[in-house]
Each structure stands twice: as C-alpha cells, then as structure tokens.
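Naming follows writing order (A, B, C and D), and every chain is counted from residue 1.
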C-alpha cells in the first residue's frame, strides 16, 4: 500500500492548484438544492472529458422521490442564471426542472464496485462581506445574495473532481470498478433518496462518503461516523377563515389557535422506550393583520429518531396531532414532506480498513469516530448498500480554521484539507477496488 | 281585588302552622333530583285529598327527556329509603325509576288556564350541625348525610301545598282553571324539560314560578325576573390506554393530555358578537397512579349563552374541541348531557299585573326585577307558554335571614316568607283566573 | 337655517372641482401614520393662506403620547420623499420626526368653540392596478407601493379643506369660534391620544368627527355613531435561546413554546360579567430554521372592551399571561404599545341636532346610527370633550360605489359624497357656532 | 464453598415452615410505608432474641429526610391498629410517628462489613377475595381493606428473618461483620434516603439487595440488576380563587386552567442530549362544582432520568413550568416531594461473584441481568456504598406463579422462592464476609 500512497500523494500534490481553483469557482457560484445546474454541468463536463461514463438527470434521479423541490418558476430562473454564469448547456438540458445529479463510472466488468459520494449544494446563508472573511478578502465570495457554501460542499465537489483525476490516471491499479456519485440537495436531506430510488448504489460493494469539519484540526480522520438520527422534515399549512376580531370573532376559524395547540402537543409527544426521539417546530408564521382572526398558519417541522422506526413513530404522532388540531378549529391541513433521512452508522469493518490506510498517510491522524446527534441523507445510500450485503462508511476529515461553525456567515475551511481528503479517498478507492 | 286579598290573607294566616310543619318535614327528609319519592308522594296524597285531579309519573314526565338521572341502583335504594321514611307507596309506585313529578288540576272547562310551578328537590350540600344553625337547633336538620334543602325548595313545596288549600277553598272565585306543577330536579336544570315534553304547560295562558331569596329583605317582591342564561350541563369522559410511565411511555394514550388540551381550548372558544357567552370546566379528574400514563379523564362542563342560540353555539364548539382533543390522543370520548335550560325572561305585562297586586298586599314591597346572570330551567316552561301565546313570569320573594347564601351549609330562610309567597301566589292565581 | 344651507350649498358646488383635485392629489401620494409630511404641509399651507391661525408639530402633538411611531430612519426617508413629491418644507420642518398634526383656528374670542376633526393618513394596502379600479383607470392611483388611501382619509382631508373655505367665507355668520383638527395616524388608533394630550380639544363645546362609508348609499347620514370598543394594540416579543434541535434540544429556551402557551391562554382570558371583551393575536412569527429551537417570537395583539375598564381588564390579564409564558421558557419579554382607543359613543342631543340639519339638506337622508363593534381613536377626543361638559358626535356619511369594502385593494368612493359631507359639516359648524 | 452451601441449605430447609408462617403473618397484616409498626416491631423482637445488636427509630431513620410521610393522625391510628394486631409495644415506642426502620448487626470488629437490605412495606392495592387467589383460599388474605402485599415485601421480610437465623448459627464462619437492614416505605421510593442519611450503609464493603419477581421461573437468579432511572416523585397543589362561572367569571383565579397549562408544558420539556428522560402527571384532580371556577388543582407527578443529573434537569424544568403556570392564573403553588431515587446499577464484579455462587446452588439458575426502565430507592444505598469504595448489587430472584403481575390484586408468589433467596443471600453474606 505504501507505494500506492506515494503515487497518489504525488498526483494530488500536482492537482493542488486546480483543487483550490475549482473550490473557489464553486464557492462564487453557490446553488441551492435541486438548482445546482452550473455546478453539476461543469462536473459532468470534466468527468466526460476524463473518460468516465457519465449519467445525468433522470438516469440518476427518480424525480418523484425528490423532496423539497423549489417551484417551477424558481427552477427555471436558476437554470437561466446558471447559463449566464457559465454552466454548460450541453449537460444542463437533461437537468432542467431540478434533476441535478451526476454519476460517473469507471467500469471494468469486475467486482468489487467501489462508490464514493460527494454532495455539491449550497445553503441559504448570507456570506460575510468584511475582509476578515477570506473569501471576501480574496475575491471569491458568493455572487448570490443570501446563498453561500457555508457547509463546505464546494470543497466536497472539488475533492470529487480531484479524486476523479487520480483514479483515471491510476485506472490500471483497480481490479474492480469505481463509481463517483455527485449528489444534489443534501441540505435539508432532500436528495439522497431520489438517487437511491434511481438505483445509483445498487450493486455497490463498498460505499464511502466524506465530510470536512471546520472544527477539527487539519488532517484528523474519523473513518466510521455514525449515530445519525433518522429524520423527516415537513411543512404543515393550516387554512381557516378570517374574521374581524372586534366585530365578528365567532366567525373566524382561527388557524393560529390550531397551530399553537399543535405546537404544544407536538413537543409533548411521549418519549419512547427504545431510544432517543426529537421534534422541533423551527418556524411558525401565522396571521396577517392585528385585528383579523388569523386564517393561515405555516409550521416548519422536523422529527428525528435514533432509528428509522423511532422517527416513523414520531412522524405518525405528529401527523395525528396536526390533524386533530386543525379539526378542532375547522381548518384545512396540508402536510408536505420536505426532506428525510434514515438512521445509520458506518460499518465498523470498513471503517477500520480506512483507518488503517489513514495511519499510513503522513498528513492524516486517526481520531475516534463520533456519534452525530444530527441527520445526514447519506444514510439512505449506506442503508441500501448494507441491506444488500455491501459495506458503507462515512469519513470525517478535519479542515479547521477555527472559530466559525458550519451554517454561519463566516464558515470557511483550510483549503489544504482538500488535498488530504483527495489522497485518502483515492487511496481507499484503489485499495478497496483491488489495487495495492 | 282588596276583598279577595283579605280573604286570602285570612286563610293563609290560619295555614301558617301547617306551612311551617310541612317545610320542616320536607327539610328533614331532603331528596336529590329524580329521587323525590317521599316528597312528591306526600304532595300528591294531599292534593288528592283536597279534590284536585292529580297526574303522576309518566303522565307528567317524559322519561327520555330527563337529564342527569342517577343510576338505577341509586334510584331504587332512594325509593326504598323514601318508603322507610313515610313516603306513600300508593303514589310512589308510579314514580318508580325517577318519575317524580306531580301535576294537580282544578278544571272548570273554561279559560284562562293559570299554572303555578313549584320545585321540590334538594341539593348535595352537607347541612351545618351546630346550634347556630336553626334547623339543627330546633331539630329539623337533614337526616341525610351530604344532602340538604340549601336552596329553599322545601319552602317552595310547602307554599305550593298552602296555595292548593287556599284555591280549593276559593274555588268558586275562579272563572277559568288552575294547575299546580310540582317539578323535580331543578338543581342542575335537569327536570323542567321532561315536564314540558310531557305537555304539562300546553294550553296554559298564565304561568308563574317563584323563588325565595335569603339575601333579600322579607316581603320584597320582584315580579319579572329575567336575563336567565341558556345553559347546557354535560360530562365528558375520555378513555385512553394506560402504560408504565417509566418503561413504556410511548404505549399510553394519555387521557390527561387530551383533557388538558381540551380545557385550554374550551376556554378559548371565541366570544360571540351577539352577546354574552360562558364556559366552565368545573371539575377535571384524571389518572390513577403517579407512574401510570393516565387512561381516564372526566370533565364536568357547562356552557351558557344570553340566548339559546348563543348557548347552542358554545355547546357545538365545545363538542368539536372535545372530539378533536380526544382524537389527538386516540382516546374514546363520551359526552352525556346532564342538564339544560333555555334563556328566558318574564313577560313585562304579566310582571306588571303581579306587581300591581303586590302593591295592595300589606306584607309585600315591590323591588326592581333583576337580570340573573345564572340559569333556571323554569325557562323551558316560560318559553313554551310564550311561544304558544301565553304569558309567563318568575317571581322573586325576599326571605332574608342574613349572611348565608344559597347552596351553603348554613342556608336558611325566615319562615314568615312562606306566608307572603302563599298569599301573593294565591291572589295572582285568583285574579288572573278571573276572580276579583 | 334654510338660508344658511342654501349659501353653503352654493359655495360647496363651486368647490366641487377643487374637492376632487385635492382628494386625487392626496390619493396619489398616500402617507402612512406619522409620516403624513406632504399631506399635512399642504393642508397647513392652504389653511394659512385662508387666514386661519395654524398650529403645527409640537404645538398640537404630545410627542411622548404617540403610539406606533415608525423608526427614525423611516421617518426621515419619508420626510425626504415628501419633499421630493412637493411637500412644503416651510411647514414640514416643524413636523420632522413624525409630528404631523395640524390645527387651524378661526377665533372670535367668544364661545361656543366648535371643533371638527379630519383624519388624513393612509394604509398599508397595495392598491389595485387594473382598469376596473377608477383610480388606476383615471390616473390617480397610489404612487407608493404597498400604501394607499383604502379607508377614504384622502377624502376626509379634502372635505376638511373645503369646509375651511366655506367657513372662511361665511365667517361673519359665526358667533363663536371654529377649530379644524387634522389628525395623523388614525389607522391603528395611534394618533388621537397625542393630540388630546397636547390639549387640542380642551375648551371645545361641540366636537364633530365624520367618516365616509363606501357601503352606505350616497347621501345617507347617521349622526350619532357609537358603541366603539375601547382597545389596546400592542406587540410582544419573546427572546429565548437557540439550540440545535437534534443535538442539543435541552439547551434551547424555546420562544415558540412560550408564544404558543401564551396564545392559548390569551384567548382563554375569562369573559367579564360587565360586558363584551375581545382579544386577538393577529400575527405570530417565530423561529428561523427547521432544525433550530426557536429563539424569537413576535406576537401582534389587540384587546378590546365595551368600556375602557373592560379593556383595561383584558390588557392586564394579557400582560400577566405573556409574562408567565415567557418565564416558563426563560425568555425575555418586551411589550410595546402600538395604539389605543377609549370606548365611546356620540351624545344623543348633539346627534339629534345634526340629524335635524341633515333633514333640511336635499342631498342628505337620515339613517339610524350604528353600534360599531370596532374601534376608533376619535373616542379619545370625544371622551375628553364630554368629560369637560361639551358635546361630541361622530357622523357617518354614505359614499357607496358598491362592492369593495374598507381596507381592500379596490376600495373607492363616489366622489360626490365629499360635497355632501362638506355641506353638512359646514352647516353644522355654522349652526352650532351660533349662525342661523 | 460447596461445604458452606450444604450447611446453609440444610439450615434453610429446616426453616421452611417458619418462612411460610412469617410471610403469611406479614401478608395478613400489611402496612403501608412509614406505618410498618407491627411488621418492624416483630422483626426487631426476633433479631433481638437471636442476639443481634438492634437499632431502631431515630437511630436508623433521619426523620427530616423521609418523603411521602402520612399525616400525623394516620400515623397514630396505624400505630394503634398495630398494637391491637399484636405489634410489640416495647419496640414500637421508638417507631412512633413513622420511624419504622430496623437495623441488626453481628459485629466482629473486623472488615469486611457485608450488608443485606430487605424492604417490608405493603401497597395500596385491594387484594382479591375469590378462592382462585391462594391467600384468600388458604386464609391469609389481607385483613386491611385496600392494602396488601402485592409486591412481595412480605416475603422479603420473611427471607430477612431466615437469613438472620442462618447467619446467627454460622456466625463463626464469618471473618468480618454482617448488617441486616429492614427498610420501610420502598413503595413510592420514599424510605431509603432517610436510612442513608442516618448512616446505615456507611462503612459497608459489600451491599446486596434482592427482589422476587413473580414473572420469572422459580429459581432463576439475575445478580446484577441495573439501569434504574433516577426519579423524583412530587405533588403540586395550585390554589386559586373560586367564582360563579355564569355570573362572575372574571373574578376566578382558575386553578384548572393553570394546571392544564402546566400539564401540556410538563410533557413538552425538551428531550436531553445525554440520555433518556421521563415525565408523567399520573393524576390531576381539580375543581368542585360544575358552575364554579375551579379554585384547587392537585397534580401527582414524577420525573425520571437515566442519570441523577438528567432527573435533576427534568425536575428543575418541571418546577419552572409549574411556577409559571400558577403565576399566569394568580394561583398559589405548593410542591411537596413525595419520593426520590437515584439512578444506579449493580457493580459487575460483585454481580459476577454472586452469580458464581448461584451456579453452585442446585436450586438456582443464572439468567442475564436486566435493564430496569423503572426506579428503585435501593439505588440510594448502592450509590452511597459505591461512592465510598464499596461494591453493591441488586439480585433478582424468580418466584413465578404465572399470570398476575406486581401491584395487581392477585399478585402471589411460589413460596418455595423464599428458601432459594434465603440460601443464596446467606451463602453470599458468608462468602463475602470471609467464610468459605
């Protein structure tokens, strides 16, 4: 393996400038989930150029399984914007309407099939503009108001392209096959399910995901992240009937009272013997004018559970609470699922193999894996692979710049972390794929 | 009229001892609503003896329209108790099972038909035992633990019997006909509806009720009491599923959470443009042990409204709230109506005639009628008479002993008030019935 | 009086074009409460030119008694906008910072003092743009996005100017004195209190207000509007502590749970024996992201009562509920009063005099006054005048165009109603002021 | 050890009749927590007779640390009842007022000190009377209405006496010292804290508790029971102000509304990252009459947590919720702690030693220890011993008769289980105490 590591390290070192350039280009043009037209089309073009077998759009996304898709008008205007900003229309055509996944294969006709997953979407966070924030200081701050890569998926995408270069060059070392999966809409856990439903992880023997953490020291590697909570993200709308609050209070069907009743009872859903559960109503917006009985309420909710079954329990209870609260005030209720993830954990056996590799890479230091307490839709892919006999693991990598957390306006990474990630993932793909 | 008043006053003066004896006898043997077997049978026997045409049991009570009827076992044991304490089995037989109304007619075949209503039931209040309380001091305190005549219906019944004597003696002065209605179960507004449904006020031209008030000076008369709120009294039971609160909290269907949700939302039923509304959950009892998810909740509720329509609005809203709250926690809901009264007010024209009579009776002083703010099921009788073109009024009479209010353990009256009441009501019956 | 009516009618007929021009000018440049810099400065200039003694700014507004004043930045940018759109800087200077009241006097040194009040502010309603809506079709639609005269105060202001002209010309007919009060910020009942506190109705013997109603037929007059509910408008902000809903739910101080608890208990504030009460939470906006425990909640609330005391009761209860709900979740609470009105009714004696005048004016038809069920801050002025021995009445006038109600995007009036209003109010001022 | 086991088994076999007689005597005279005057005095007399050093009353109970103590009147009438039923006044005197603990020592002046704990109180469960229930059939059914040994503490006490006999006879085999602790008021987790505070487990090197389980097969032994949840049991009383619900609703301070608000928000206390939490409001009783605003509410509550810290978090939150809810309705709040237990688990090392002994006893079969999910106040004793360097374990023993669970009216045990328990515990005390 040592020889392999040296060859990979050498190649990655030569790619360092390109890694940074890619990341910064993606960073300037951040795109929200299901609108990654520019990002995905440029990824597809590069993979195509490298000789990968590239699949796009409906080939890799089951449209009906997507969650939290923006309205058509938004999708189209984002598509136009991507075009203006240099997206490649050749690849964008198939993505129209929010089908922004890309899968690239190096097929050999042999097993094992090793798959790596990279998520590429940005977040609805306004990026800081002052010179203390490096992207602002060095001119690659987000061009899009209110949207930024505040979770590092710009780097994930760039790492994916670098891994693609390395594996292409070392193709002959791989006995089996390799698949690179570029996933849209990870934020809000909206995208993975649609790719799983399209079959992109079927037949995979080894599946690796990865995530950079700005709060871990550079180079630290936790190969077997786990403890992801299953989750359902959904919006609930209650529609009642307005009335003048002074003159005709009895004529109203008060959607705010329905919503307030629901909120209290949602948080009161009983704890479950079998493990941790969570619920949150992250937003409630109700009513119009001060003197009008509120006729509309909009709740932004999520449930979680230590297992998929526990989350299902929470979600079923939540629906019952919402239905009853709406009925109490003669309101119409509409529930729309906006995202979901399964529970999941890395396979220990696979994690240990990756750790063993990391120990031989100079730039890596192995740290203990963590129990997340949060959710990640990579679990859908892991679960599918595990159910069919494969092994899956999610790898955390340190990218510390200190101070600012994920999803904040000043999130940033140490760009050297991308080289570490590209090295480790390339080595892992080669090693798992039969190289040595 | 003056001559008539003198004759009536004379007769009532001779009945004074009997008035007191009757009242005290009823007072010692108080009977709760629908169990007035002894009281009603002795009334019936006396009226029969006086030559009235007496109707009983199913003739004057529509059994299915009764509300808040005790369980069969209680009815039967009260019947046996009444027998032991001197009730007349001849009349009690027809009352078995809680049919404790009595109606007595002096028919002439001519109009007008003047009806007087007397309520006869006691209350679930423990009577004071110390010598400051006259019934205790003078030996006619309630023999029944936890039951007493704390609202003066013992006196109402005695007044009714005295009026019966007077009218019998002055029968020839009456051009029309007279009907005396002895109503059970006024407390909790449970009885009037069943008598109205049995037709006892059909064809009545003038209807008078009366009530003694211990907080008004002796002799004060308010002839046109009004402003009674319509009301529905009901109990709601929620039945969920118990579970061990430590080990299996998710298995419970929490009837207390359902009830608490209902309570908050019941009080939050919107005010109504058209007038005053009320709701109260007077009792809530839920759960068993500390470590068991509560599987049972029992709510004791009442709604009210300035009009019958407003009360209907409140009751409909309350049912919807309870149904939704039960559904929210997968509880079974049972609602049982325990009592009801219509809104109602006295006819001003009739009240003025009674006031005019009162002004000519020495022992009476006219005071302004009051708006009640409470409820009284005599409204059902008033409304029926008014709907069919008759006139109705409820007469308040002062019986002050000072200090202790209705429904308290020390409620008492100045027994001289009974003579005033018997005089005024006899005069009114004669005068309205065509005598002079 | 007939002669006076003829002279007034004649003068108003000549002012008709100017009435329409004024109204349309105000309509194109609508200004929200406390920002009526252009409107008020043009009114002041005209009254000054007519020879009225004009008082402005701090002379007629007690700054500290204002409610619902926009932030300084908004006040200043509205001031600048008013300047650009033709406001008169000479008068605007004294109004800077939201002191937009104007009072104009014709003083004679003699009583009685007759005062008329005109409200001049616009509303936050987007005006319809399609040609079915006359202001759009005829080119005087609001120039300000999201702001329009959807309650007819543009017409009230124009009527005020026409009355000023008439009274100036017939000045010699007035024995006493006349005061014209142009009030800002009636919408949200924010302005009258500050003018009353500045003393503008002190010493007034007769006070008249008026309002056009687009739903009444043209020319109908109801001189004694009443039944206004006292009201307090306030905003409540709860500030808790955010936390990640999956990872650290116990660290949050959940402002949404506090707000939901408050909402339920606000609506559950007990009904009051003494009369009608109201409460409404017209808006609730809480929280940020789906997976964050909500740390902020904003409630937009109003209480009302049939009397000022009943409203005080509701407001005191509401504050207690909000404080306790905030404490329950360790949230900070801030309550800001945004508006208020007293209860109030017109004096019947004054209303009858105005009705008598209206019966002699050809264009007027008297209709019965209405009980409002809503609120109006003119009650502050009425109450002050009534407390000090004067008489006050609010006059409703029909201005029907059919169909679209007040506060809607298509509200409009039949402009002929302005002439009717100007005639009636001028006649009333002259007649009450001692003319004949 | 084998020899020791044989000697113990032989002794226990001879005690079998006495074991059954003791258990049945205790069973007939069940005594609720803090009133075990008869039970404890007979235990003390027997231990005294056997030559143990016996400590009683305030020597072994810190009176102020007791929880859920009945009112003085009840304590006294139970004391009198115990006297009538054969309690020994010599020992009962020191127990007066609810000081019903007994501790018996065999001191050698040498370590180790081995302590065994036996709980002796009964439950508020009505025992079945039909002949299918053996205690009824065989004449030792509870003499006390509504009280019975439905959790097997009668057997625990009898086992304790048998162990005392055995150890007394084999005293010379013990190198160290032995302490037998007879604890009152385990039901409701009310008693252990007061004994710990009195120091009864200070200096203990090995502490064993035990519990018979009627649902496990006879002879099964789980030596290291754990996963006990920390818990606080408390009652909350809210006192408001009554008012007539029809006439004066605004005058009430509604304790039921306060309680309902509390209930909803108690269940909504946020989950905690660090582990399982629980809350339950097992009972709510509020209000009196249907037409009275409820002025009293009584809540019976418990919190739990996987650790003592998690339970403290729940209890602190619960108090804040209750205080705020009471304040919201101007109610007085009183919270009384009724019981508490720490979290806790058996020491694995000690459990393994006991399991090793059990494997050598013919009548025992080792089963895996269980995670409880419930609470047990033996944890206070375990925690104290563990904090001071000792080892503690709780031993479960099968006593199956099938079908009826703990705390039901038909709970019973196979009485042979007592011999198994006495054997195992005696062997353990000897073995841990240095015998062989």
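Simple rule for what comes next: a contact is a pair of C-beta atoms (placed from the backbone, for glycine too) under 8 Å apart; a residue touches a chain by one contact, two chains touch by 3 or more.
Please read these numbers as outputs of a predicted model, since none were measured by experiment.
Q: Which chain has its C-alpha centre farthest away from the C-alpha centre of chain D?
A: The most remote chain is C.
Q: I want to compare two interfaces, B-D and A-B. Which one has more contacting C-beta pairs?
A: The comparison resolves to B-D.
Q: Between chain B and chain D, tell me the centre distance in angstrom, where each centre is the average of that chain's C-alpha atoms.
A: 52
Q: With chain centres defined as C-alpha means, what is the inter-centre distance between chain A and chain B in Å?
A: Each chain's C-alpha centroid was found; their separation is 70 Å.
Q: Which residues does chain C have that touch at least 2 chains other than itself?
A: 247-249, 254, 257, 261, 264-265, 267-268, 270-271, 273, 278, 293, 373 - these are the residues of chain C that touch more than one other chain.
Q: Under the definition above, what is the set of chain A residues touching chain D in their complex?
A: 264-265, 267-268, 270-271, 273, 276-278, 373
Q: Please name which positions on chain D make contact with chain B in the complex.
A: Touching chain B from chain D are residues 188, 229, 231, 233, 244-249, 254, 256-257, 259-261, 263-264, 267, 278-294, 300-302, 304, 338, 372-375.
Q: Which residues of chain C touch chain D in their complex?
A: Its residues touching chain D are 247-250, 252, 254, 257, 261, 264-265, 268, 270-273, 293, 313, 320-321, 323-325, 327-328, 330.
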